[in-house]
Structures are given as structure tokens and as C-alpha cells.
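Here is the structure we will look at, set down as C-alpha cells.
Letters A, B, C and D mark the chains as written, and numbering starts fresh at 1 in each.
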Amino acid sequence: MDYVIEMLNIRKEFPGIVANDNITLQLKKGEIHALLGENGAGKSTLMNVLFGLYQPEQGEIRVKGQKVNITNPNIANDLGIGMVHQHFMLVDTFTVTENIILGREPKSGATVDIKKAEKDIRDISERYGLKVDPNAKISEISVGMQQRVEILKTLYRGAEILIFDEPTAVLTPQEIKELIQIMKTLIKEGKSIILITHKLKEIMEVCDNVTVIRKGKGIGTVKVTETDPNHLASLMVGREVTFKTEKKEATPSDNVLEVRDLNVKDQRNVPVVKDLNLEVKAGEILGIAGVDGNGQSELIEAITGLHKVDSGSIKLNGKEIANMKPRKIYESGVGHIPQDRHKHGLVLDFPIGENMVLQTYYQKPYSNKGVLSYKNIYNQARKLIAEFDVRTPSEFTLARALSGGNQQKAIIGREVDRDPDLLIAAQPTRGLDVGAIEFIHKRLIEQRDNGKAVLLLSFELDEIMNVSDRIAVIYEGAIVAVVNPKETTEQELGLLMAGSRRKETGGESHV
Amino acid sequence: ACGTSEDKEGASSGDGKKEDQFTVAMVTDVGGVDDKSFNQSAWEGLKAFGKENDLEKGKDGFDYLQSQSDADYATNLNKLARQDFDLVYGIGFLMEGAITEIAQQQKDSHFAIVDAVVDQPNVASIMFKEQEASFLAGVTAGLATKTNKIGFIGGMEIPVIERFHAGFIAGVKAVNPDAEIVADYAGAFDKAELGQTIASKMYTQDVDVIFHAAGGTGNGLFKEARDLKEKDPSRELWAIGVDSDQSAEGKVGDHNIILTSALKRVDNAVVDLSTKAKEGNFPGGEQILYGLKEDGVGLAELNDELSNKDEVMKKVDEWKEKITSGDVKVPESIKDAEAFSAN
Amino acid sequence: MSNRLTNILIPVISVLLGIIVGTIIMLVSGYDPIAGYAALWNGIFGEIYYVGETIRQVTPYILAGLAVAFAFRTGLFNIGVEGQLIVGWLAAVWVGVAFDDLPKLIHLPLAIIAAALAGALWGFIPGLLKAKFRVHEVIVTIMMNYIALHVTNAIIRDVITDRKDRTDMIADTASLKSPFFESLTDYSRLHWGIFIALACVFIMWFLLEKTTRGYELRSVGFNQHASQYAGMNVNGNIILSMVISGAFAGLAGAMEGLGTFGYASIKGGFTGVGFDGIAVALLGGNAAIGVVFAALLFGGLKVGALNMPLDAGIPNELVDIIIALIIFFVASGYMIRYLIQRFSKKGVK
Amino acid sequence: MGFIDILTILIPSTLLWATPLIFTALGGAFSERSGVVNIGLEGLMVIGAFSSIVFNLAFADTFGAATPWVALLVAMVMGGLLAILHAVASITFRADQVVSGVAINLLAVGLTLFLVKRIYGKGQTDIISEGFGKVDVPLLHRIPVIGDIFFSNTYWPPFVAILVSFIVWFIMFKTPFGLRLRSVGEHPMAADTMGINVTKMRYIGVIISGAFAGVGGGVYAQAISSDFSHATISGQGFMALAALIFGKWHPLGAMGAALFFGFAQSLSIIGSSIPLFENIPSVFLLIAPYVLTILALTGFIGRADAPKALGTPYIKGNR
């Protein structure tokens, strides 16, 4: 047999739930094998079993035909299995080198031989085309770089089989392209890869086989050449999924948001938003396309009052809101789905119900004269949970215990329900499965159709192209072009995002 | 512990199984009965009294309770009164409030307090003329010093310590008006490191005799003096102890750096008062002053290594005589002490 | 087994385990455990007097525990309860001594408020530094403890009195003393303060669980970023939390100053009540009602322990050991929970 | 008093004050860098002080001048042993680490005083006869001025403490062990996926912290208090914790902070003899160390970031 990995009839239970129920996955040498399933289907769990973080209750794992018992990550490493985790396993305060060698440190005498380590890392990174700065601190490098470090970690340990758990969810299109290139190089060098992703396009592009699981059960394995995205999606969800989001023609009217000559500096006092101009009209979705780090976050934080505005004006329905307190801004009609749902979107240790009133708890009917009305809070929570299909054991469950997709749905429900004139959605579908993405896109378009303005920030060109009515391209803190999604291509957008001016539409037009 | 009513009866009528035994107990402050200070001294007094009267340690003889915090004083005093002890001592000024209150409640019990005055008919207040002991210590220091610089380390700035301080100044002045006295308060009775640093500072500044009235903080003084002596046995430096004879703390090889100690004979006072009470002469409501004359304070043996020991001893005896006879009144406040002159 | 039952069982089992280990220690050290526990029991329940003293001791424990718990619930660790208590004590006594012609209806509340304000001020400083300069509140509160100790000593000696070691007794109009309770408990020092402590228990519960302010405080405690995102004033809530915590601690001081003692004296060291408050809060799971039970246990054992040396000849430190062990066992609730589950599963089979 | 005179008093006493804090704070660094809060340092110091004194009293005749050093080893072992309790509770049983630390403090005080009463029949021990004495550091004390200020009339333990600080720095930042220890405190799950035994590393961190705090207590008892009672260790553990945070969880930072505390503390005592400070009421000198610390933190030290995973038990497969 030429299988390098065989996971046969794996069963893994968590208290109260069967995460993996009789799943089989076989990986051939030199192939990229996709693992596909909805959020919470059990993909990460299965891979964690393979990597030795969890012990299966049942089933058998074979590596190169040999039955093995992987009781901890060390054994997995020794067997040549490396994993790039969904949530990066990097120590922020360490350097790239320190992260890579951790646990396998080259020594000279009693000390870590940093020189040798750096050399080794340079060698590997050259061989596989993974450029990194070995001396940089993790906290100072981009997410794409961090991922390279994760890959280097596995290669440094001599991994032959690499597991990538949703590697592209956090990457910009450019970075995704690079990653795909890297994976191809790895295959050429004789490695085998298991890839988890929700992006069917990627599967079609690089994978050889796909194993689909649904609600913990293995649905089967298909050859990529013998399938198409629609088929895969229906296998995974168990029903038909539409990709091209259906939407009516937009009917934009007055400006809801007007940003004029906005300047924002970051914490180190470096200007990151420079003379930026932008407007969003009622009844339209404006997408902001751009490579991460071009001032998107600061722009949104400035609009929502979380970041100081240096100069310029931000008008909401004609009223100046620049440098107002976040609460005042919300009250004047802004909704905000934040980029980082764990950090900004939720108080993870509050019940999901209490999270539903995070900005409105002090208003009627959730409180009266400073006293909370839990009855009304939880009524509201129940309403939103039902309406937005948030899957949670109860409204009293801590937000922490919900899956990412359901956390996101809860946030969107909360923001949409306040019915803001302007809804800012920053990467609203990051890491979600196609079913959830479809749901969220529908909601955004619904807002638009109700005559509200929507500002969508996303690194996914697909999403931008599909959902937006107009696309503003941001580059180095300024809007460099505004295009109509129907009249542009991903290639063109990509070029704009990389800084090349758009000649035919007149360059920096007013938005 | 038996039922409440029974105990109370015992207390009021004074009969029961302890009928013929006079029982006595004390409450210490947080220091405990081996604080090398007045708690210890008081406990030794109780033990001596017990021995004299064939009493055993325990509920039917003599006993003590140690307090873990200020809040325990009242509970402990009350507990002892409830256990039918015939006389209950509160050791230390800190117990003033607690005794005042409990004496009002337990009108049939007898209490005594050391170092404070409580104006209640069933409380005897034991006060000491600390200044007289420290005066003699001052005389010793004034004569022993070679550098004419003498140090004083106080624990906290409270009246008792101030009396020690005042007497000491006066004593030095009496025999050596030229000597300079430097004084420092550590602000605590249990911070040896503070005592050590202060002593280090003083010794470095050529002070060669230091007297402390600082409880456990004084351990730091002894440590510093021992360390200096150990390093350089030829160096002449002294420390003077307080309350009880602290000479045991001063051994360094064959030397001893404790010059003498200003004694506060709480033990004598306790034996004295207990005996009076046993004989039915409990001086309730009175303030009893123990001074040199009453053997309530004194000076410990002088260190044999002192080169002019005999001369010093003679001077000490002279001044002792003057004080006991009432010729000299030792000042109680630092202000008066500064003005004190030897005639 | 239901979760709620387990939550109640854990402290109960912990206390039992603590007592068992205490027994072993007594046996090993050659003491009679039966006599020891009898003495302890009698020291708490033997006479109505002791019961009164226990409740008296519990009073400041409740407030100190609330102070720690309140800060904890809002993400802050207030080790400064001791210092806040000391300044509260002094402030209460100062007011109690300084005004002697006010009617009780004004004087007593004034003294109590003074204590709360003083404690609040002592909490405000670390709160402000945390909010404005991100200075770790643990260090600042530790430092503030020592500052409180020295400053109050100096004020007592040089400002309120003329170089004396304690203040005069407070005026009757500022006293929490209760002749009624005293006669009821055979002259214990039980005073009205217990009602203030219980009122504060209610206040903490209500404030944290029922009000919008409490919602904000908890939210900031769990996730400052999300709270800021949601439009809350993060810095303001940090400061407020320390101020409220300090006020509880100050009130604990008022209990000592206006109830138990009636004066303030120069202190050579800390009272220990503030530090015990940490244990009380944690034992009580940082919940208002939990603090009450923890304070009862703590206060009872502490007062009862005083009886052990006399009645059984056992050093009262034994009780400190037992308390520490109980805290260990409660903290290790995971282990007990695990054991309970194993046990009940077996029981079913 | 001349400036040099002031320094000759100030520096040795600064060093002496700081030494117990340095050792203990270094211990704290091991524990907290591994992700376990150790508020039990105070109690661990108590155990160290107690065991060193008991040992010293019992074996002074056997070991002679070496007694205090041997006693430090004993204190180290005892501190490490008590710390195991903290480790078991907070690592294995996932107890709240602060709660467990508070319990350690209560337990240490209760247990040692109980034992003192049991062993000696009284509330405090006798004074030891073989403590750490004053020394002139060989050779170095001959250096003009510097020798007088730093190396004369001083004690050995401070120099050991400073040396150990550098060794700890080396271990923590230059060796594989240090790298692993810190990784466990920052991101235990990452460390776990790299094959590092998180539980083991944390146990080691906590036990070492106990050993160091034990030494801190042993130094205090044998170089300063000379006996053991309820008051011997009263707050030094918390000051060491403050030094650790002040020093941003860095061994050399902690050492610097401890020296700063020692300096401020000594200055407050020496102050009354410095002409400039003479007329300042003593209370201002007494609170100076604490006020200075707060000002230093507020003014120029600023925020310190604790190890990220500090205080959170590591549960496999959780996030």
C-alpha cells in the first residue's frame, strides 16, 4: 500500500458529544488531501488525534502501514507528523528562532546554540521558499509570516506529513497565493499534506482527494477531478448551497457616512490613514479591499470612536462624529461587527445572553433606572438566538463554549438587531463554513435592502466581489480606487491592492 | 468548660473546688511568654508565685493566654475571668481598653494591668519608673564610653519608651555631661532589620555604647554588635539590654557585648501584687508605682570585660542611693531630661 | 449528581478533610484530638458569650472579604484591604472623637461614612494608577498598606493626641456598641455593625448582579477590550471598582473602631484582618453570600481556637493549619468534584 | 556625616536588606515564568526561616562556622517541599493559584508556630550562635573608596544573591530549560504541541520557587533576625513579589528592584542622620520607600506585561 497515513474508524468523544464517529481517512504519499466539513464537524479533533493531543476511544492509526499508538505530540513528531494548528501555537514574546527550536534546541555546552539554530532555519527556509527573519519577534511579524514559522516548525522537526488546519482563513489573497506555492514545493520535496479549509476553490485548485465529514461522521472520500464545488458543498452540508449570493440591484440614496481628509496615527505615532476620503450611501454595501496592514483597522476604529482621529471629518447622516465616545457613536446609529470576535466582540466569560446586550444594557427595556431586567435581556437573547440560528445549549451558556461560527452569528444578530443606519462588518465570515457564510451574506444584503448603509471590510476577494455594490481599494492609508464589482476582475483588484494606479477610471477618484 | 450559670456562680461566691486555692492568670500581647521582655518577665513572676504557693500550671493554679491580635485581648481576659481565676493580669499598655471594659462587666473579678492606668475599683494598675532603670544604664554608658558618643534606639514613640529614653539621657548627663547622645526610633518593636541598620549607622558614626528599648527590634542591635565584635574582637563596643537581663544574647566567642541591662522587674511586681491579693489586700482602683526603691526596676550585673567596672559599679550604687532616697528625681520626659543636670 | 449539590458538597467535604488532617496532626504531635475539638467547639458554642464574640469577629471579616471579592469580580486583586481598613478605622475614630455634640443620628453615620471614604481614597490611588498608567495594582496596594500603617500611627501620635499611643474613646454618639447585644450575649462585644456588614453583602450582590453599573464592572473585569468596544468607560470602571472595594475595607475598619474597640491605637504591625479577607473572599467563591459563610467559618474557628491552649493545652496555631488546609481543599475543588463523580457513578452501577 | 561615610553605611545595609528579597523574587520568577502565580512566597520564606533556625540551633556544634550555609540548604529543601503542595493544588488539581498561595501563607505560619511551641514549648526560638557575620571581602576591600563602600563590613549572602541573579538570568534566557520554562508560562498549549511536558515544567518552576524563597527566609533569619518567631517574616514575601513585578518578571530586574527597596529602606533609616533630612518628621522617612516605589512605577517603569498564561491552569485540549 502506498498510504503514508491511515486513520481507520476513529471515534473520539467529548463529554456529551461524539466529535468523531467512525471516521476513516487515508493519505497517499505525495498528495494534498483535503478534509472538509462544517464548523464543528470534527475536523480539528480528528487531526488532533493524529497529532497525539487527543486519544481516540476507538479505531486504529497506521503510519506507512505500521500500526502506531500516538499518545503525545513527541511521538507524532518522531513519526514525521507535523501540524500547523488552526489557532497558531506561537509564543508571542519569543523570536522566530526560539519558536521553531523550542523543545528541540541545538546546544553548545549548557546554552542554546542560537547561531546553529539560525543557520539551520535559514537552510530550511531557503530550500522550501519560506522566507522569514529568524531574529524577529512573533508579535512583530504579520500573520502570514507567523504561518511560515508554523510550517518551519514542522519542517525543522523533519516532518514528512504536514497537517494544515484552516491555514488560509487568516491570510490575505496574496499570502494565500504564496502558501499554495509553498504547499506545491513541499509536495515536490516528497511531503504529504492534509489540508483543512472551508474554501472549496482552494480545494479544487491544489488538492488531489477530499474526505468529507458531517456532524462527526465520515461521509466519504472523493477525487477532486471527479467533483465540483457544488457537489462538495452539498456533501458537507447535506443540502444544496448557493454560492453566488442572490441579490437585487442596489438602490443607493443619500450619504450615510462621509469621511473627508481623514488622518489617523497608530500607537507609535506613525500616520497610517492619510487624507482618506470615503462615502457610504443608504441602500448600498461598500466593500473595502486591500492587503492587511494598509490602515483598514485604524479606519474602522476611527469611525467607531475606538481610535483617536488626528484630523479630518467623519460625518454620520450629516452629523460630525469624529472623536466622539464609542457609545455616542453607537447611539447615533452605527453597528460594528469587529474583526476579532474574541477580543472585541464578546465577553467570553459572560453567558451568551448577556453578550446580546453589550452595548444596550443601560437602555430600556434591558434596564430601568440602573437596574437590569434579566427577563427582558434573556427574552431578547432568545429572540436573537432563534432568529440568527445561534446553536447553543441555552442562552445561559458561556459565550466561550460556543463555536466560532455561532459566536459570530450571535454578534451579527446583536448588531443587526439594533438596526443601525451604518453597519460596519469587518471580516464577518473569517473561519466560517460555507453554510454560515451564506447565512451572514444574506443578512448583510438584507440590511442593505432595508435602506441601510453597510461598510464591509474583507481580505477575501470572493466575498468583496460577491457582496459589495461598490468596491473601494485601500492602499497605504488612502483609497486609491473605487470600482464596480461587475466591471472588474480579481486580477485587476489584486493589482490595485498592490499599489498600481488605475488609469482608466481616473485614479484617485472621490468615493 | 461547664455551663454558664455554674461558672458564674463560682466566680461570684468564690467557692467550689478551687475554694482554698488562690488562682492567677495573665494575658500576653502578641509577644508571648518568651519575648525576652515584659511578657516573659511577668510569666516568670507568675511561675515564681506559683512555686511559692504550690500551684500547678493550669486552670486550678496559674496560667496564661497569648493573644494573636489586638482583638483577642478582650476575649482572652474575659475567658480567664470566666474560668474563675482570682486575679487576671493584662500585660502591656495595649490592654488598657480591654481591661477597662471588662472590669466594668465582671465586677466581681479582680484584674491588674501592667504599664497603663485603669481607673476601676477592681483593677490594680502596675506602673514602673522605667526612667530610674535607664538612668542607671545611662550612668554606666556615660562612664563606659571612650568616644563620648552614645546611642539610644527606641521601638515606637510611646510614653513608656519615652521614659526609658528620658532617664537614659539624664543618667548619661549625670556622669558625663560632654557625651553626645544620638537617638533613633525604629517605629516598630519587631523589626530586627531596622534595629540592625540603625545600630550599624550609630557604630559607624563612632558611637560605642547603644541602649535599646525596642523589644525584638533590639535583636538587630545585638546582631550588629556581635558581628562587629566577631570581626574585630579588639574593638570596644557595647550594647545595653532592656527589661530583663539580656546578657545571653551578647556572647561572641569569649566576649560578650552586653554591657548591662536596664531591668524592669515585672516579675517582682507580679509576685508582689499576687501575694497582696492572696492575703486579701488587693489594691483595687489603685495605681502602684514600682521603682528602684520597690525593686521594681534595676540594673543587671555589669559585664566583667568592662575595664573600669569597679569604678562604674561604685557610681551606679551612688546614684541608686540618691534615687531611692528621693534626693534625685529622674525626669520622665525628654524635655526635662535635656534640662537635667547632676546636682 | 447535580452541579448545585456538588457546589455545596465541596466546601462541606473540604471542612471534613481539614478536620481529619487536623486530627492526624494532633495525634502525631501527641495531643488529644477529642479534647482539642471539644475545646474548639466550646470556644465557639460553649457559652453565649463566645457566640457573641464569634459574630463580632465575623463582622469585619465579612466586610474585608467583600472588599477582596468585589475587586476580584472586576478583574482586580486588592491586597490593600489591610491598609484601607486601617485608614477607615482611624477616620471613623477621628470623627468619633472630634465631634462630641452631634446627635447620634448624625454622628454615627458621619463616622461610618468617614471610614468608607477613607478606605475609598486608599483604594482610589491604586485604581487611578492602574487606569492611567497601567501600574500593577498588586504592588501599589502592598505599598499602600505600609503607608497606611505609618501615616495613621503618626496621625494618632502627633495630630489627634499629644504623643500618646492611642486616641481617647469615641463619643457614645458615634459608637456601634449595643448594650442590648452585650446583655444578650453575656457581655460579649457584639455590636450593631453586623447589620452594616449584612447590608453591604446585599449591596454588593445587588450592585454586581442587578445593576447596569455592575454589568459594566464585571464586563471590564473579564474583557477590557470588548468593554471598550461596547462603549464602556474602562478606566472609570477600574477606578470605581477599587473605590468601592476600598470603601468596604474602610467599613471593616469602622467596625473595629466604632464597634469592637472604640478607639484607635498605634500599631506595630498589621491587624491581619485585611489579609484574612483574601482567604475569606476566595473561600466564599468571591460571591457575596459565599463571603458570609466563609467569614462565619473563619471567625468561628479563630475565636474558638483561643480556647484550645487553656482547655486542651494545644497551641491555637493548629486552627490556622486547619483553616489553611480547608482553603486548599476548597481550591482543589476539581479533585473533589472528580471524586464525587466517580463515586456517584459507581453508586448508580 | 560625609558623603562617603553615608555610603559606607548605606550600601552594606542596602545589600543586606535586599538579599532575602532577591532570593525570594528570583524564586518567584521561576514560578511565575512557568505560569503559576505564587503569592505564597511569604509562607515559603517562613518555612525557610523556621527550618534554618531550627537546624542552626540543633547543629551549630556539629558544623561550626559552616552552620548557616548548611542551614540554607535545609531551608532550600524545606521550601521546595512546601512548594510541592502549591504545585499539586494549582497544577494538578487546577486550584485557583491565588487561593492556593494564600493557603500556603496561612499554613506556613500556623505550622511553624505550632512546631515551635511543640519543640521549644514557647512561642519563639532562642537566638542562634552561628549566624552570617560581617566580613571584609578578600582583596576587594582594599580598593580605595570602593572597597570601603562596597566590600568592607559587609556580609557574604548579598554577593551570593547577586551572583545567583546572574546565574538565574543565564538559565532563564540562555539555556533550553529556560526557553521551555518561559514557553510554558506564555503559551502552554504551544509548548505542549512541541512535546514539552507542561505539567512537569510547572512543577519544576514552582518547586524551585519554593527552594529560593526558602533560602530567602533562611538568609533573613540567620543574617538579620537571628531567631524565629511570628514576626520574623512579616511582609517580606509580599515585598519580594512586588520586586518581581517591579522588575518585570526578569531576574536582573527583580534583583534591581530588590536593591531599590533595600536602598529606599536604608535611606529612610540613615536619613535622620543626613543633615538635609534631619528636620523631616520621621513618618515621611518611614513611608519614603513605599512612596518612592509607587512613584518609580508610575513615572518611568510603566507597565509590565506578565507572562501571558500566568494564573491559568493548563487543561489539555482547552483553549
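Operating definition for what follows: a contact is a pair of C-beta atoms (placed from the backbone, for glycine too) under 8 Å apart; a residue touches a chain by one contact, two chains touch by 3 or more.
Just so you know, these numbers come straight off a predicted model, no measurement behind them.
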Most contact pairs found between chains C-D
List the centre-to-centre spacing of chain C and chain D in whole Å, with centres computed as mean CA coordinates. 28
Expressed in whole Å, how far the mean CA point of chain A lies from that of chain C is 47
When the C-alpha atoms of chain B and chain C are each averaged to a single point, how far apart are the two points in Å? 35
Find the geometric centre of each of chain A and chain B from their Cα atoms only, then give the gap between the two centres in Å, rounded to an integer. 76
Chain D residues counted as touching two or more neighbouring chains: 231, 234, 282, 286
Scan chain A for residues touching two or more other chains and write them down. none
Which residue numbers or ranges of chain C touch two or more of the other chains? 150, 153, 269
Let me make sure I understand the interfaces: which chain pairs count as touching? A-C, A-D, B-C, B-D, C-D
Chain D residues touching chain C - in the complex, by the definition given at the top: 85, 88-90, 92-96, 98-100, 102-107, 109-111, 113-114, 117-118, 231, 234-235, 238-239, 241-242, 245-246, 281-283, 286-287, 289-291, 293-294, 297-298, 302-304
Which residues of chain B touch chain D in the complex? 30-35, 66, 157, 182, 184-187, 190-194, 196-198, 200-201, 204-205, 216, 219-220, 222-223, 226-228, 230-231, 248-249, 251
In the complex formed with chain B, which residues of chain C make contact? 39, 42, 46-49, 53, 57, 150, 153, 157, 163-166, 169, 182, 186-189, 256, 260-263, 265-269, 271-273, 303, 306-307, 309-311, 316
For a test of understanding, state which residues of chain A touch chain D in their complex under the given definition. 48, 51, 53-54, 72-74, 77, 83, 85, 87-94, 98-99, 101-105, 107, 110-112, 153
Could you list, by residue number, the parts of chain A that touch chain C in their complex? 304, 306, 325-327, 329-330, 336, 338, 343-350, 354, 358-359, 361-362, 367, 370-372
